[in-house]
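What follows is a group of structures, each given as structure tokens.
What follows is a pair of complexes built around chain A, which joins chain B in one and chain C in the other.
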Partner chain A sequence: MITVNNRDKIEWREGLTVQALLDKMNYDYALITVTVNDELIPEEEYESCVLKDNADVCVFHLAHGG
Partner chain B sequence: MAREKINITIDGRKVAVTKDTYLLQILRDHGIPVPTLCHHKDLTPAGSCRFCIVEVEQKGRKKLVTSCNYPVRGEIKVETQSERVRKHRKTLAEMYLARWPKVPVVQQLAALCGATDADKFKSELTDENPQACILCGHCVRACEEFILEKIIDFAGRGIKRHLTMPFGVVDPHCIGCTSCAYVCPTGAIQIIDDMNHPADAKLIRDYGMKINAEMATLDKDQCRMREVGTANIVDVMDAYDLLPVHNYKFGSHPDTPKINSVTLKEKYFTQHMPDGCWKGCSMACAKTIDGFELKTGPYRGQRVMVDGPEYETAAACANMGCFDGDFVAEFNFYCDTYGVDTISVGTCMAFVMECYENGIITQKETGGKELKFGAREEVLQCLHEMAEGKGFGVEVGQGIRRLKEKWIGELGADPDFLQDIGMEAKGLEYSEYMCKESLAQQVGYTMAVKGPQHDEAWLIFMDMVNNQIPSFEDKAEALYYYPLWRTWFGLHGLCKLLWNDVVPLSNKKYKPQEAAKVPEHVEDFFKFHEGMTGIPLDEESMLKQSARVHNLQRVMCRMLGFGTRKDDLPPYRAVGPVTKEEYESRAEKYYDKQLKEIMGVDPEGKSTEEKMEITRKYRMDQYIKAMNAAYKRRGWNENGIPTIARLKELGIDLPELVEIIQGDQ
Partner chain C sequence: MRQNSNIFERNVPGTTALLQKAVVGIAGCGGLGSNAAVALVRAGVGRLILADFDQVELSNLNRQYYFRDDAGRDKVDALAGHLRAINPDIKLDLHRRKLTPRDIPEIFAPAGLLIEAFDRAESKHWLIESWCRAFPRRHLICASGVSGKGATSAIKIRSSGYIHLVGDEQTDISMGLCSARVAIAANMQANIAIDILTTQKDG
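Up next, the complex of A and B:
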């Protein structure tokens, strides 16, 4: 099980990448920062970064607008 | 979205690169020196000086290409120092050196390329001025790409090519932004005057140009402010269930695409023109619709310019259920023309519509108008009546607070229901964010000194989406910092949008809590302050400057009869589901889930009414706790009044202010 933003629980599967997780969450916002187990993941690695089970993912949406 | 990788060979070394990256960028990323003259990191590559040429082999064919504007799209072999490359660069350098022998950047480049003979191509064109224009075009591109103007450009061809303004005279459209001088590598363009006498003009310019460069290079992949302005937020809010629909009942709607930024750009907004609040703004987000033909009102049939729509206006239309681009434009135009606020009118009309649909008012009150959600013609009729000072429109123009009082008094309407659905606090209508699922946003909105507008605290993403401020203390800290920060830059006339509607790439190096502040842009704003006044600033001194004003505003709010605890209480619609329809339509995603996971209540077997009651009690209790925590952090007492000790601490314990709040201590 993957935890997203200390709240949402997402079923883990073999080969799940950061990008696939973002797609699943419908997180297509332009200003996103991702950490996995507190480590920052560069955007160009979203498709190659494979998540391990029980990963703690933080998807931070920078607040524009408002 | 991560892009495709391609394997290429550079000087015999294999490297994997991202498709479509310019070759010069790749070479520099790999530490390979390439001479350039017309290239500038923040400007579109021009390929005009040709110093960056390299030899590229693809499918057995070799050719020289300018690496700065060569996007890598296939497997290639690159030679950066072949004999052919070196020979071409040397010849070029000799030609430049012969024409501009005293210009330092030319001399340095010549040395790099092994060119020493300044006389080889000497001619009548030779210019001995060490600050001569070398036709690199940096200034031309900076004018167009930073400021979206075309004040300066090349004229003439071949040896007659030169830099000029239109018709060879000083263009009155030039506002003296100094971008051209800033990027000029030779000093051919000089700044000879600094208006307003700032303490340190260079400091302001250094940091201002950084923002210009970010706008020119990053905006197209971030918020697209230059293309569609704040209308881009319509798409985002709908996708994240935050767009107010039908008087804030819901957070998205299938018809949103009819008024989102894609539609507005395709069918309405004029493009490819500088479009800022003032000339010279590099963000230029103030979008405009030109030649819009009005269908109603005193200007019916005329083609007009519409200044907008911005996010709030389009979202106000969603709130009224009017998903129609033509309506949005017409509503925007007439609100502007009549001098009324699109937010207040939109939110008030949404309230009226819900009252109409619930039978609280009928066509008897509305003057025969069937004011259901989506009633576009009727909304415009009300707007015209409001301006003409007749009919039902006049009543709508009084705002939600007066309408509630009137309908409770005259029609016997249920005061509790009207209080629940009337989205106003302190007499001001809420702006256009659906905040039910974000406690920090509810408090930020409702505690805002001038009423529930969002420029004091906009925490909806931090709280609801990111879950970044989970505890009451976290929320209170955010409700302390952000209103003060936003108040601070507002006081200094600095635009909010440059703070976090374009974000430096390096912002990703910060962990979320820090990243939310966009530290490098906070620094930019501090440097603008220092450059203008000569006074350096840090976070602590900024917060103190702002807190003095913010607390003064709160005392004045008290003086005007608002600014106590009761004024900071929201209508329940801002906090949770008022109606069964609202609860049931979002039960699975939010309410039943929260009962079970957060409140520890099993929703099974309970009626919607029972679940709504438990939810309401819990949510209002949470609201009160968060509000109390925010009061404490701000140095206000339990009634929401700044303490005299806090005024003393800020150095604003003036007798006339103390007198106002003395009785509330």
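Up next, the complex of A and C:
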């Protein structure tokens, strides 16, 4: 089982990538930053980063303004 | 006449010496960065690295720590003046330029932690990636979702490893920006920084 943002539980399967997880979550924010087990995953690695079971994923939404 | 010994006498005991030797980077000196910088200097942080390419405009005065006389000046220079007016002994590294990902490792090398205070989400995104690549074990305190008015309790802090993010993660600049809400977020960023610098060995 994958935990997203300490809240959502997503069923784990062999070969599940960060990109596949994000697609499944249907995020509609233009920009996000993702960590897996507290390590940042750069955007170019979303397709290649394979999640292990019980991974703790954090998705931060980035909005304009400051 | 300098009476610096008095500035920090009401500080939380045990924090001043730790903050005086701290170096904090601030990427962007707008609503978040200028207000966070003021809080950090008042708290006793000894050295700040400030970077911004922009000049002060009157439309900044609704939320940024500038005054009418600053209009037209480079933000880093105007802010440096205000920070030195609080503490003349503050050490400041001033970078008047538009930052790119390749600047981050060099400009912020001395910084123990970084406050992300950019305006645009795309910039926040590359800054997070370049900081984590360059300094994976140094804290990064970001803000996202500080626009609009009210909704005070929607402003949250979420952390993952060395990344901390303040804001509601939703409200966008298209809603407009309000002094109090931006400054709350900026001061929350500063508050996290102060806490890290005064409690953690690796801050």
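We adopt the following convention: the second predicted complex is superposed on the first by the 62 of 66 C-alpha atoms of A that agree within 3 Å, B and C clash if a C-alpha of one lies under 4 Å from a C-alpha of the other, contacts with A are read in each partner's own complex, and residues count from 1 in each chain.
Simple rule for what comes next: a residue touches a chain if its C-beta (ideal position, glycine included) is under 8 Å from a C-beta of that chain, and two chains touch if they have at least 3 such contacts.
Keep in mind the model is a prediction, meaning the values are calculated, not measured.
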| item | value |
| --- | --- |
| Chain B versus chain C as contact partner of A:20, first or second or both or neither | neither |
| Chain B versus chain C as contact partner of A:39, first or second or both or neither | second |
| Which of chain B and chain C A:58 touches, first, second, both or neither | both |
| Partner chain(s) touched by A:31 [first = chain B, second = chain C, both, neither] | both |
| Partner chain in contact with A:10 - chain B first, chain C second, else both or neither | neither |
| Residue contacts with chain A in the superposition, chain B compared against chain C | B |
| Residues on chain A lying within both footprints (that of chain B and that of chain C) | 5, 30-31, 33, 35, 38, 40, 42-43, 58, 60-66 |
| List of chain A residues in touch with chain B within their complex | 5-7, 19, 26, 28-31, 33, 35, 38, 40, 42-48, 58-66 |
| Complex contact set, residues of chain C against chain A | 28, 30-33, 117-122, 124-125, 128-129, 132-133, 136, 142-147, 158, 160-163, 165, 167, 169-174, 177, 182 |
| Parts of chain A lying in touch with chain C, wherever the complex brings them together | 5, 30-31, 33, 35, 38-40, 42-43, 58, 60-66 |
| Chain A contact footprint on chain B (complex, rising order) | 1-3, 18, 221-223, 230, 232-233, 236-237, 239-240, 311, 433, 454-455, 458-462, 465-468, 470, 500-501, 503, 507-512, 515-516, 518 |
